[in-house]
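This structure is in structure tokens; I'll ask about it shortly.
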Amino acid sequence: MTKFHQPIDAAEVPRFAGLSTFMRLPAVATAAGLDIALIGIPWDGGTTNRAGARHGPREVRNMSSLMRSAHHASGVAPFEIANIADVGDLSVNPIDVMDGIARIEAGMAAIVATGALPLAVGGDHLTTLPSLRAVSKGPRGGGKPLGMIHFDAHSDTNDTYFGGNRFTHGTPFRRAIEEGVLDPKRVVQIGIRGSVYEPGEHDWAKAQGIRIIYMEEFVARGPAAVIAEALQIVGQDPTYITFDIDSIDPSMAPGTGTPEIGGFTTREAQQMLRLLGPVNIAGADVVEVAPPFDVGGMTALAGATVMFELMCVMATQVDQRRDG
Amino acid sequence: MTKFHQPIDAAEVPRFAGLSTFMRLPAVATAAGLDIALIGIPWDGGTTNRAGARHGPREVRNMSSLMRSAHHASGVAPFEIANIADVGDLSVNPIDVMDGIARIEAGMAAIVATGALPLAVGGDHLTTLPSLRAVSKGPRGGGKPLGMIHFDAHSDTNDTYFGGNRFTHGTPFRRAIEEGVLDPKRVVQIGIRGSVYEPGEHDWAKAQGIRIIYMEEFVARGPAAVIAEALQIVGQDPTYITFDIDSIDPSMAPGTGTPEIGGFTTREAQQMLRLLGPVNIAGADVVEVAPPFDVGGMTALAGATVMFELMCVMATQVDQRRDG
Amino acid sequence: MTKFHQPIDAAEVPRFAGLSTFMRLPAVATAAGLDIALIGIPWDGGTTNRAGARHGPREVRNMSSLMRSAHHASGVAPFEIANIADVGDLSVNPIDVMDGIARIEAGMAAIVATGALPLAVGGDHLTTLPSLRAVSKGPRGGGKPLGMIHFDAHSDTNDTYFGGNRFTHGTPFRRAIEEGVLDPKRVVQIGIRGSVYEPGEHDWAKAQGIRIIYMEEFVARGPAAVIAEALQIVGQDPTYITFDIDSIDPSMAPGTGTPEIGGFTTREAQQMLRLLGPVNIAGADVVEVAPPFDVGGMTALAGATVMFELMCVMATQVDQRRDG
Amino acid sequence: MTKFHQPIDAAEVPRFAGLSTFMRLPAVATAAGLDIALIGIPWDGGTTNRAGARHGPREVRNMSSLMRSAHHASGVAPFEIANIADVGDLSVNPIDVMDGIARIEAGMAAIVATGALPLAVGGDHLTTLPSLRAVSKGPRGGGKPLGMIHFDAHSDTNDTYFGGNRFTHGTPFRRAIEEGVLDPKRVVQIGIRGSVYEPGEHDWAKAQGIRIIYMEEFVARGPAAVIAEALQIVGQDPTYITFDIDSIDPSMAPGTGTPEIGGFTTREAQQMLRLLGPVNIAGADVVEVAPPFDVGGMTALAGATVMFELMCVMATQVDQRRDG
Amino acid sequence: MTKFHQPIDAAEVPRFAGLSTFMRLPAVATAAGLDIALIGIPWDGGTTNRAGARHGPREVRNMSSLMRSAHHASGVAPFEIANIADVGDLSVNPIDVMDGIARIEAGMAAIVATGALPLAVGGDHLTTLPSLRAVSKGPRGGGKPLGMIHFDAHSDTNDTYFGGNRFTHGTPFRRAIEEGVLDPKRVVQIGIRGSVYEPGEHDWAKAQGIRIIYMEEFVARGPAAVIAEALQIVGQDPTYITFDIDSIDPSMAPGTGTPEIGGFTTREAQQMLRLLGPVNIAGADVVEVAPPFDVGGMTALAGATVMFELMCVMATQVDQRRDG
Amino acid sequence: MTKFHQPIDAAEVPRFAGLSTFMRLPAVATAAGLDIALIGIPWDGGTTNRAGARHGPREVRNMSSLMRSAHHASGVAPFEIANIADVGDLSVNPIDVMDGIARIEAGMAAIVATGALPLAVGGDHLTTLPSLRAVSKGPRGGGKPLGMIHFDAHSDTNDTYFGGNRFTHGTPFRRAIEEGVLDPKRVVQIGIRGSVYEPGEHDWAKAQGIRIIYMEEFVARGPAAVIAEALQIVGQDPTYITFDIDSIDPSMAPGTGTPEIGGFTTREAQQMLRLLGPVNIAGADVVEVAPPFDVGGMTALAGATVMFELMCVMATQVDQRRDG
């Protein structure tokens, strides 16, 4: 018998049965009392090409029904050591970008205010901007810029689109730095690849101090060395983990708006995620799962498993803090 | 402001957002207090060829997010006149046929006992057998055999399969008649078609008094005449409505285990369902939606809309009884 | 040898070869000199649920490669009697609704100004609002409100969404009437069906004088009678034809954002389109083809063929006016 | 106990089990002793646009596992009254058109020589040319031109393609007439529709005496009247039935190379096929099922059922001749 | 000219033509005279979540048409050195678990009794239990417990499901050990990964002596080292090879009931299988290919190729024993 | 402002908008003035099993809309240093193999004659034969046999098929050697794998001097060592690069006619392509992308990206020669 929320037992209720929630956990009305809040952000208002990430939370919930209660490699049993539940989807506005961002920030701020750690599923990568705002300004962020470990094929630090449009899924981290919610010197981007708009596309990001580890460097050095460096970059201050599913290879995550071949294998992604224990995680998300472009639910499964891996790391930290 | 459960407002929460429940209604823990209980029965243990209907409730819930609050033709606003909610999925056992049937009967009996009218989504057609048992023995059935209006490509009145197997999705109505929960003289089957095992395959059913209206007769007479006859057959005693999605043409409902070309159009199905007002409906179900064989969610959409049509008819009856 | 643009000859260049343009016609830089301009409007900024119509023009172009040079029933050879070409896609902005609308209006106005009749492929139904503006204000519209024959499952005359959002694909025709570019007394909507938000959802439209022919009435009266009435409603003043692909049944047009079962067969749609000869067509469009939700290219094929049918009617009118 | 080949009993061996043959009948090495030979012709060498019909026989075999032993409407039990088996696929050559045609003719001639009635599954429509040759020259044809009832969206009576190419799936019936294996005055084409290369595309065919019943005429008159006329046209001399799956609507048969909207419903097709009893059928085929373009196996299912309907008619004729 | 069964020559009969059998070999009625019997076991009665493996044999047969006659790396020409054929599918019962298991055991026992080595395609992993029984009790097993090399994401050594259900695809190897047909000390499981029901889920298996090589250890050590250890574990006594397709990554084998990201690449799987020469293989299977969840036939192709690799190893052993 | 053709700016025109050309470059009527001509060859007349590569150019064009203007790893901005455009599709004949080959050779010869480097997208691998002829005889080839770096799962050096058929997609390089347009001693084939027709299938190729690097050797040595050897083999004389998409693993490139598991990752392919700078590239192609078998556009994306990688290498060479 345990004191925390438990997933529905698959030996009693088959995985295809019951309402679909993240990890088959209870759906709760508030994050109050939770250690970790699993959140959907069904919004892709910043998507400039292939939209569809608005449908991400529903399908990640569906495929998360394949997750079980403990981690086979680490032995972590997250639901034994942390109180975790599905707090539902944030309020969004699919046809108004600025209102959409504002609603997400408000929703995330309300969750963060309870002290729960947010673990969100997007939505496109623009959803991370309001999340960063809320986390940075929340109790853990203390109003200071966050560090960030960023898994992605794209740097997402462009300036504008269509001339004046400053808020798209290609610009969130430039905005976050400009707004002071992200500390570029504590940002590392891993897996960046794919053709660019111009040779100097990443110059601004680098000039701010962002460390870009291109896929080629990742391949040469391997997951362990790369994460070791990432840990040093973000240090012990509050840090956000953002995982764009397009960092994973399109064969393993085809359901995304901007696929780039030559990506991480899921195995490499898992290796990296399992090494994030030392990071002071203030929040995390998995974004850009776009079910209309998925095949066979592969991408939603990858997204759900990335979420599970992050949840295990975060639960361990919760447990350690409780004990400490 | 209304006194009954209301679906989430799609003008406030987009249709792709929020947890997925039937008609975006609240998920409730009990049928007590409900007029109509929307139920999932995720079980296909009786399927002899292409299984998959166990995944039906989840996908019908997903596509039911496209349903709105009122019927455009009848003007019925079901949630204004009846208390309706999603009571979740019945407990099932995917690997034990007899235990599966027993669990469904028990679950359905508990719902029926509250006085709520059950409107279920299967699952394969064998799930209708325990539902018939529970409804027949429940407060509305009064322990007497039920009448039934049965939309289907198949009569499902075979005797056995593999020699001794008496419980499959091809045999439920022979069992129901043998068990005395179904009155064959008050059963009408509409839309029957497709090749048969032998020329006399339906002789037993006809000998019991079941009225089989083959697709050819349906085409010749039309929906109105056929339903008029059906109303006479079932009369004013408690009657079950069972809608096998394979009654609809495979182009409109490809996601089913035993498709037969030449089926109902959805338009014809809607025409018939809207004429069921005079029936004393004691329960209803939509079965054999098998998402692994679906394409583009068409079948789940058809299933969700059939459910909506039935719900509107049933809500009107609830309202009339309340007024009466 | 002909004086007008001709499609690539499929007996010389296979249908799968060559760049993909509407009807395999030349891609031209300007509408000047054209009788009919085939236009793409790849924009779905008004979509509140399942986006994807932004990809419509590309896939309709691809499937239009199956169209040939003459109409088998009417004998019309459109490319012999009218100068028609593909003028490409209008400039759009995928992440800013108001800028998107403005760009479409400007692009459409430039085409209309040349005297060419626009025949556009959306895009979602909000794209029709700027098109109506441009056509109404253009040389044929003379600044007066247009009549409209509107094939659709939905009336699209709602007021707002998410409180203050007045521009979505559910509201274009209320806006068009308010703006004085559409004359509600000369508007007929055919095929309306599907559940509604409230029983009185269409009251405003009807109060303005819009004639709504629900699917049920269409089924009862048939295509010929319905179009006869439509011709009377729009009369001889300039009229816009707008064809929402979701008016067609989801089995024949699954690739759309808001499918509703019980729709037109393509055969019925063709029957109606072929009767539009007497209408003074000032412009036309086919909207809501959403390829990410399509299966097997069916919807794009339906869209391309609807476009072909409209083009044949419009070319005949061009020819008659030239002769007249 | 029966004297003829029987399908595997689905109550003993599930439909998904066992080797895949037409109707689950035995695969035999020769047509000798058969009344009806079920034949695959996996060849699409005449296809000018979307190839794939070469894969037709395999998938039609797979979906024919859904067929049972008797016809629900006519009561015919084909395997009780005729000896029928799967004789496998004819030898073909996928990369040499003329060799491909020659092989098919030789293979078909060998079957026809045994006295068995051929019922073939293509393959593209060019496969019908060598079949017509073989049947015409075989024991039933007596070297005289055959009559033909032809269900199709296309007349397939063009002359050449790419200048000199006389053998494509758009030309078989012009060749057959030129070669004297088809009597144009005893040919009726039903369901013709879709855009044409030029207004006079069918003039040659009509001049030869072919009766073309366009889809529009079919809709106006209905299946019974159309088939009544067809029976008169072909009379009592040997006649070939050829069923191009693209005569059926793309929503019901999307898996074909040249889809045209507005086609037959499967119900209409079944109605017509069941009226063919009076025809002196010398052979039949179902062509243009192209699995790479199919969705959910719908087209293969339609093809298998058309085959079943034809088989029941042919078996009845066999039985009547035997008795007569 | 060879003395053994040969596949159909693809240079004479295209790969898409002819009846579909394993490796395009003859379908034979008995295993008598064969060295290796290729067997289908179309049964998924033990599947607790996503059923569909019942359709595995048919699709593996279809995709095995891409296999040719010799191994490019080893140079082995299996059909030159061993007599191999397709013996069809075992009799199964899709709706009765215990009868299903009994039928499979009986069918496999009959094959094993002929002296042929069984190489089976499932079906779910519960099918391996009756196969182990039959092989263990057969001439090669000598009634003694078998060793086993087990490629899988899951250990499949759970005890019960739904309380009392002891026979599911998650429990076969606990049952096999309890029944004495499997020697846990000679069992090695490779590739185990994915979340578990509880941290101690594998304790029982380990306590019995099963060696579990988790994916993480596999990645660290590589295929050669892992197989070297496996060879030592199983030694020279009769050993069964069981290959669950879900051991392969979901991107390469999506069509399976319980996918887990981070799996083997097919390349790694091939590397391991090619090193199995020293094992005394008494039988082998490939299980859990579930076509309804497959995309593009990838999983069936992987399954067919794994079968081909195993067949080459087994044929070499047959040849060596014959020579020895 | 640049002097060369530029792709449409995706920050002004979304990637889903505009006509679909390779890399969103202008479609031009002639290769004159170009440094590199991007060419479609929509022809699969040599395909013996699963046709569909005829549709390759269209879908590669579609997915190439995801490519941007510069290479993230090398920093090459190809459109700044070379004049590149889409010259459209070559004329082909889908139903006559010999005419098809002749047309391709003529079309390619006309392009090569302008001095532009051809970079083509097939089509099946037989298209490479006429390309080799044209390039060998063109200004760069000087009438001498070409060297070739050949990425493929198959050697494609068989002799005949169906007895006398010498021109298929399995035979191009034997023909090219026989014809003297390819120098076997300067040919290296990388990635060869998959079962073979007989153990000695590659003996002829090896005897001619072709160096075959099987997948197993590639895995053992790695991309860098393999390409280093390849560079030595082809030396400094004109060399053709041919990339069969089936060299890539089926999970990353499922849409191809003859998939073989265990292929290159896209990452490995990119690593190799980026090392081709020292090769004297006289032309290149990407072949066997077969969209009807693709899933989610993965294969077309892989093909487009391989094309982009090759284009960057070729543009650099153009630039170096211009400077040199």
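By letter and in written order, the chains are A, B, C, D, E and F; residue numbering begins at 1 in each of them.
Definition applied: a residue touches a chain if its C-beta (ideal position, glycine included) is under 8 Å from a C-beta of that chain, and two chains touch if they have at least 3 such contacts.
Just so you know, these numbers come straight off a predicted model, no measurement behind them.
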* Structure fact -> Note: among A-B, B-D or D-E, over half of the C-D contact pairs reappear in B-D
* To do: If we define chain centres by averaging CA atoms, which chain lands farthest from subunit C? Would you check?
  => E
* **Chain centre separation (subunit C, subunit F; CA means) in Å** => 41
* Tell me, which residues of subunit D touch at least two other chains? -> 12, 14, 16, 48-50, 54-55, 94, 161-162, 249, 251-252, 293, 295-296
* To do: Work through the pairs of chains, note which ones touch, and then classify the graph as line, ring, star, complete or other.
  => other
* In the complex, go through subunit C and note every residue touching subunit A. => 44-52, 54-55, 93-97, 99, 161-162, 165, 167-168, 292-293
* Asked: Which residues, counting only subunit B, touch subunit C once they are in their complex?
  -> 10-12, 14-16, 66-73, 75-77, 249, 251-252, 265-267, 270, 295-298, 301-302, 305, 308
* Asked: Which residues of subunit D touch subunit C in their complex?
  -> 48-50, 160-162, 192-199, 201, 214-216, 219, 249-252, 254-255, 258-263, 293-296
* Sites on subunit D touched by subunit E in the complex -> 12-14, 16-21, 27, 40, 42, 54-55, 57-58, 61-62, 86, 88-89, 91-92, 94
